[in-house]
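Taking it in order: structure first as C-alpha cells, then the write-up.
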Amino acid sequence: MSEELRYTLFGESHGEAIGVVLEHLPAGLVLDWDFIRQEMDRRRARAGGLTTSRIEADQVRVLSGVFEGRTTGTPLAAVIENGNTRSGDYAAARYLARPSHGDYTGFVKYHGFADYRGGGHFSGRLTAPLVFAGALAKLVLREKGILVGGHILQVGPVRDEPFDPVEIPPALLEALRLKDFCTISDEAGQRMQQVIREAGQQLDSVGGMVECAVTGLPAGIGREDADSMEGQIARQLFAVPAVKGVEFGLGFGFAGALGHEANDEFYAENGRIKTRTNHSGGINGGITNGMPVVFRAAMRPTPSIARPQHTVDLRTMENAVLEIRGRHDPCILPRAVPVIESAAALAVLAAMGKLEREETNP
Amino acid sequence: MSEELRYTLFGESHGEAIGVVLEHLPAGLVLDWDFIRQEMDRRRARAGGLTTSRIEADQVRVLSGVFEGRTTGTPLAAVIENGNTRSGDYAAARYLARPSHGDYTGFVKYHGFADYRGGGHFSGRLTAPLVFAGALAKLVLREKGILVGGHILQVGPVRDEPFDPVEIPPALLEALRLKDFCTISDEAGQRMQQVIREAGQQLDSVGGMVECAVTGLPAGIGREDADSMEGQIARQLFAVPAVKGVEFGLGFGFAGALGHEANDEFYAENGRIKTRTNHSGGINGGITNGMPVVFRAAMRPTPSIARPQHTVDLRTMENAVLEIRGRHDPCILPRAVPVIESAAALAVLAAMGKLEREETNP
Amino acid sequence: MSEELRYTLFGESHGEAIGVVLEHLPAGLVLDWDFIRQEMDRRRARAGGLTTSRIEADQVRVLSGVFEGRTTGTPLAAVIENGNTRSGDYAAARYLARPSHGDYTGFVKYHGFADYRGGGHFSGRLTAPLVFAGALAKLVLREKGILVGGHILQVGPVRDEPFDPVEIPPALLEALRLKDFCTISDEAGQRMQQVIREAGQQLDSVGGMVECAVTGLPAGIGREDADSMEGQIARQLFAVPAVKGVEFGLGFGFAGALGHEANDEFYAENGRIKTRTNHSGGINGGITNGMPVVFRAAMRPTPSIARPQHTVDLRTMENAVLEIRGRHDPCILPRAVPVIESAAALAVLAAMGKLEREETNP
Amino acid sequence: MSEELRYTLFGESHGEAIGVVLEHLPAGLVLDWDFIRQEMDRRRARAGGLTTSRIEADQVRVLSGVFEGRTTGTPLAAVIENGNTRSGDYAAARYLARPSHGDYTGFVKYHGFADYRGGGHFSGRLTAPLVFAGALAKLVLREKGILVGGHILQVGPVRDEPFDPVEIPPALLEALRLKDFCTISDEAGQRMQQVIREAGQQLDSVGGMVECAVTGLPAGIGREDADSMEGQIARQLFAVPAVKGVEFGLGFGFAGALGHEANDEFYAENGRIKTRTNHSGGINGGITNGMPVVFRAAMRPTPSIARPQHTVDLRTMENAVLEIRGRHDPCILPRAVPVIESAAALAVLAAMGKLEREETNP
C-alpha cells in the first residue's frame, strides 16, 4: 500500500530481454543520460582478461514513466534487449547443477521450469537493469546532497586503503566513480588486477570485498525494528548475486572490541551534532545519525570455474562430473562496485519514504 | 496482504508493559510452556556479574490467539508487565544522548517525544517478547524437523570452536540450548566469562559474535531477489540491538578465497542431493539447498558504560559530559544467543510461507 | 517496509482481552481522552432494546507508545479486558455453524482450532479496539483540518436525508457525532428505531446503510492503481463485520446515469479548484480532488437471530436445527456509525503516508 | 516479502508501450495463447459505434518469465507497443482538466509532470495488459477448477437477467465469454446496444454494471480482517477506471432486508456443506464458504463526452470551456466484462497464496 520506492527486475540471461520496473519514483526527475550511461559502463564487461568476454551493448529503452525528459511519477519500465547470447554452451549441461550456483536451488523452487541457460533469471546479467535503477535512485539522492560511492576494498589477499568513515569527501567518491579499476590506492589496484588475471589463467576465480559509503544523509532515516537502516541495506545487498556478508562500521571488528574503544562520542558544532569517531557506520538504533553510512559487502569467488567439478544430474540423480563452458568473470569485483552502490541507493531511497519535488510543472 | 508470519514488538523499558503480537501463526500449535519458559530463562539476567542486575520475572500473559492450549490462527497477543524499574536513574540525563545508543537518532526521528527512560522502545528489554515470539516459531519449526540453535562464538579475543557446517547434530543444538553459558568448548566459555567480568570491573563492556544454525530445512526456501534467505534473516538480525554484521557460510572469508576452494561440490546419496563442504552456509542463489543454514552475527560492546563520556545536551545543543547510571550488561553475549536464534526462527518461518497443520480439530 | 499507519486487532469475544496495536502513528499526538471516550461510547451497547444486552465497560488500557500524554511514534498497544462474558451460552452449539456467520468459514480456515465462543476473533466485539484506533486516527486528521463523520442513512425501509456532497459543514458532522441515534432527520431516526424494536420483538434482525464523509482532505491523496483511495477505504470497510457493499459518490446510481448528468464540472474560486457537483464522491482516478469524500456502506442484518434455523454439525456433518442463544443486536446500525468512520479514518490516514508533526519536544 | 501473486501495470496511452510485470506466478503453467488472445479480443474496440474508433492490434510480446512455453516462476514481463496514437488531439487542451477524469488529481499528485496525452498512465488503455495478466490468472485458476466469468447486468435503464447465485454452470460462463455482447438475455443486450448508440449520437455517454462470479472456489480463502475476500476483490476492482461501487451477494439490497430473509441456511450433501440460498455471495466473515462468489461493480459513464463542459486551466487557474476531442467509448460496458473478471481473478489468485504445481519438469 505504501508509496515508497520499489523495483522489480525481470528477464533471463538468454531470454528476449531483461529490464526493471520502478514504482513510486518522485515525479519531475530529469533523466541525466550522461550519468546513467556512465553508471551502466562502470558495470560493463571489458576486454583485457579481467572480466567475461561476453560484452553486451546494454542499450536501455525506457518504455514508460518518462515524459518530456522527466519522470512522471508513474511506473517506469526500462528494457535491455539480449544480444550476445551463446545458449548452446549450456544445453549439454542442462541438468548438471553448477556447484555453489543457484541452478539446483532454482530447480527445486521452480520445479524444473526455470530457464537454465546461463543461470536464467539468477544470472549476474540482471545486475544491468539493477544499475540502471540504481542510477535513477542516485539522481534523486544527488538532488538532496546525498552521494553513494564505493571502492574495491579487497581482492583475494590484496587490500585497498579503507575510507576514513568520519570524512568522505564528495571529490573522492566522484574520482572513484570515474576510475576504470575502482580502488583508492592505484598500487593496490594493480596488484588486485594481477591476482584476478592469475586466477583466470588458473581456470579459477577469486573473491573480494566492496566498501561503500552514503554521505549527506540526514539523521533520522530508518527504524528501530526489522526495517532498520542496516536491515534495509543488507536486504538489498544480499539480493546481489555473490554477496555473503554485510557489516556496518566496525562490523565484525566489534566482536573483539571494548566499549570505550567502540563508542562514538558526540559533540556539537555550529548547531549540528556529530561524532568524533564513526565506528557505528553512521547508524544507531537502526536510524541514521547524520554521519556517513559506511558498510562492506563480502563477495564470493565466481562459482563458474572451468575446472572439472563433481555434481549431480538433476534428472537421473546420478553423480557426474561437470566442465563448465560459457564465458565468465574470474572475479566480479571489477564490475561489482556500481552494483553494490545501486542496491544501497535503492535501499536508502526507499527508507526515506515518499520524496516530493518542491518544483511543479508548469 | 500476505499470510506469512509477522510480528510486532511493543513497549518501553520503563513503561507499563512490553509485548508482542504475532499474526498468521498456523492454527493448532500446542503451546509447550516448558519449552517457552526455558527459552525465556535463557535470555534472563542472572546473578554473578555477567549480566545487568535488573532481574525481571518476565511472566508472559497471553491475551488472545490461544484456545484450549493451542493457537487459533488469529492474532496472538502476549504481554509482560514491567516490574523492576528505577526510572529515576534516567531523569537527570534525559537530554544527554548516550554515545552509540539510539537516544539521539530516536530523538530526531520521533521529534523528542520518545520515552527516554532506559532507552524506551529502543531498549534491549524488548528482546524478551522477541524470545517469546521466537519460541513459538521454534515450536512450529520443530514439528517439521527444523531446529534453530547457536552458541557464543567469540567474546573479545576469545573464540569458541565453530560448528562443522556439514553436520550439526540435533543433540549438540539441544545441549547448547540447555547450557548456562552457551559455548561448545567449556574452556573457551570460562575464558569468555573472565573477559566479561574484567570488562565490568573496568567500567567497560566487550563485544562478541554468535554463530547460529538452522538444520533440517528443506531445499527451495527463499528467493533469488531482495527476499533472499540471507536477506530475510539479516533483516531480522539487524533488528536486534547491537548487531552490526551478518555473514553466511564463509562470509567475509570468501573475500580472500579462490573459487576452487570456495565451491561446494554436489553428490547424490539415497536419492538426496548434498554438498561435501558447506562454505555457502546452506544457501545458493538466495534459496536454501538443504544443507544447514549457518550464519554469524557480530555484536557491538554494550554502549552503556559507566565511564565519563563526551556528549551533547539535545535541548541546549551544548557539549556535555555524561556519566551513565542505570544497570547494564557488561556484555550481552551471555543473553544474546536465544535472541539471535529467535530472530532467525521468525525469519525462516516467514520465508516458508503459510504452513498448515494437517491435523484438524475435531 | 513502509512507515504508513498500520493496525492489528487481536482478541476473542470471550477470551482474556481484546485490543489493538497501532504502528507508525506520528509522534507527539496528544491523546484527547474526552474525545476517545466519546467515540468509544458511541459504539457501546445501551439499554432500551435497540442493542444487545451485553454491556461492557470497555476501559482501554494503553500499554505502550504513549509518554507524558503524547504518542511516542513507536507502537501503541491498547487492551480492553473482557468482562461480561456468558460463554456457557455457546458450548452446546459449538459445532453448529450459525448461518451467514463466520463460524463455518473460520472452522475451515483455522482447522477447527478457532475459539468458537461468541464468534471468537470474528466477533463484532473486535470493533471496540477498532473504534479506539479510529479515534486516534481522527485526532491526527483533526489537526490537519480533516473530519470524518457519518450517519445512519437507512434501516430496513426507512431512509434518512442524505448528505449534500458539495458542502458538508463541520458543525453538522459534530452534531451527528454527539447524537444518541445518529440520523440527520430525527423523524427518520424515530421510525428507524421503531423498525429495529419490531425486528427484535419478532426474533428477527434488520439491515441498513451508513453514509460517511471525509471533509478537508487536500487534493492528491490516493493512487491510480490498486491503492486507489476508493480501494483503500473499501478494503478497510469490508473488514468491518456485516459490510457487504461500498459505493462512492453516485455509486450504483452511476449505472443508470448519462455522462452529462454524472460529470462534475470544475471551476476556480480564490485560487482553488472545486467542482459544482460532487457525483464523484471527491475522488477521480483513484485520487482525491479536494471535494468531500462521500461513500456509503451497506450492512447486512445481524445473522444471529433467535428463530430456529437449519444448519450442519461440523463434527458429524449431519443436518441439524439451531436455536441461537446469547445476546445480540437486532440491528447493528445504531452502533455502526463510529465503526465505519474509524475504518475510513484509518484508511485515509494510511493513504496520506508518513505525517510528521512540525512541533518538536522540547 | 510475500510470495503471493503481484502485478504492476506500466505505460501511458500515447507513450512507447504499455505492459505488465507479474511476480510470483506458479512455475510450469502452459501459456494457452488461444485463450489469451480470446481474452484480449473481448476487451478490444470494435467497429459499429459501440466503442471508440481507436482500434489497436494489442500484440503482446512476452519478454521474460516464460521458457519452452511455460512460466518459469520468475517475473513475467509483457509489453504491448502503442500504435494508433493521435497525440495532437490532446495538445491544445493540455492544461484543461477534463471533468471527472484523473487529469486534475494526477496533475496535483504528480506535480504537473504526468503525461497528459490521452490520460497518460490513467488511461483505460492500461486495461489491455490488465486483461493479459487476468488471462494468466484465469489459466492458473482453471487448472484448479475455478472459473471467473461475468456479464453486463445493466446499461442505463436496461437490465439483464442476474445470475442464480446458488448455481452458475461452467457452460453458462463459457457461453458468455464467447459472446460478442456479453449478456445472458440477448434481448436485453439488443436494447443496451441501442441505448449506447443513442448516447454516442447525443455526444453523451452512459453508465452500467457488471455482474461477475467466481465458481469452484474451495471454502477457507480470505481473511476476517482488512484482507477479507471482499476487501481484496474490491481493492482490485476499484483500480479499474470508472468503477465506483462494489457489492457482494445481496449487497445494497441487504440494507432493506430482514435477518430471516437474508441468512443462508446450511445443509450437508455428500459430505459437503452448502447453503440453500446464496445471499452472502459466497463469503462469510471475509472467507469463502464454497458457494459461488458473486459480486457487482457499478461503472460510471465515460467522462469524456464531446459536449462543451466547464473546467479550469491548470496553468492559469482561470475558468474555461473544454470541448474534448480524441476518440472515446460512449459506454465502456461492452469492453469492461473481461477487465472486471481479470481484476477479480488476480485478487482471488493472490488470496489463495502460493500455489505450487504438483508436476515437476522433468
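When the chains are written out, they are named A, B, C and D in that same order, and each has its own residue count from 1.
Everything that follows uses one rule, which is that a residue touches a chain if its C-beta (ideal position, glycine included) is under 8 Å from a C-beta of that chain, and two chains touch if they have at least 3 such contacts.
As the structure is a computational prediction, the values presented were derived from the model and not from experiment.
Colleague: Based on mean C-alpha positions, I'd like to know which chain lies farthest from chain B.
Modeller: For chain B, the chain whose C-alpha mean is farthest off is D.
Colleague: Taking the mean of the C-alpha atoms as each chain's centre, how many Å separate chain A from chain C?
Modeller: Here the centre of chain C sits 46 Å away from the centre of chain A.
Colleague: If you average the CA atoms of chain A and of chain B, how many Å lie between those two points?
Modeller: 27
Colleague: How many angstrom lie between the centres of chain A and chain D, each centre taken as the mean Cα position?
Modeller: Roughly 38 Å separates the two chain centres.
Colleague: Give me the residue numbers in chain A that touch at least two other chains, ranges are fine.
Modeller: Residues 9, 74, 109, 121, 223-224, 227, 232 of chain A each touch two or more of the other chains.
Colleague: Pick one for the touching-chains graph, please: line, ring, star, complete, other.
Modeller: Here the contact pattern is complete, since every chain touches every other one.
Colleague: Within the complex, which stretch of chain C touches chain A?
Modeller: Within the complex, chain C touches chain A at residues 1-4, 74, 223-224, 227, 232, 350-351, 353-354.
Colleague: Mind listing the chain B positions that touch chain A in their complex?
Modeller: Listed in rising order, the residues are 9, 97, 99-106, 108-109, 121-122, 154-157, 199, 204-209, 219-220, 222-228, 230-232, 234-239, 241, 243-268, 271, 273, 275-276, 279-281, 283-289, 296, 298-303, 305, 307, 309-312, 314, 317-319.
Colleague: So in the complex, which bits of chain C are touching chain B?
Modeller: 8-12, 15-19, 21, 23, 27-28, 61-65, 67, 70-77, 79, 95, 109-115, 120-121, 315, 356-357, 359-362
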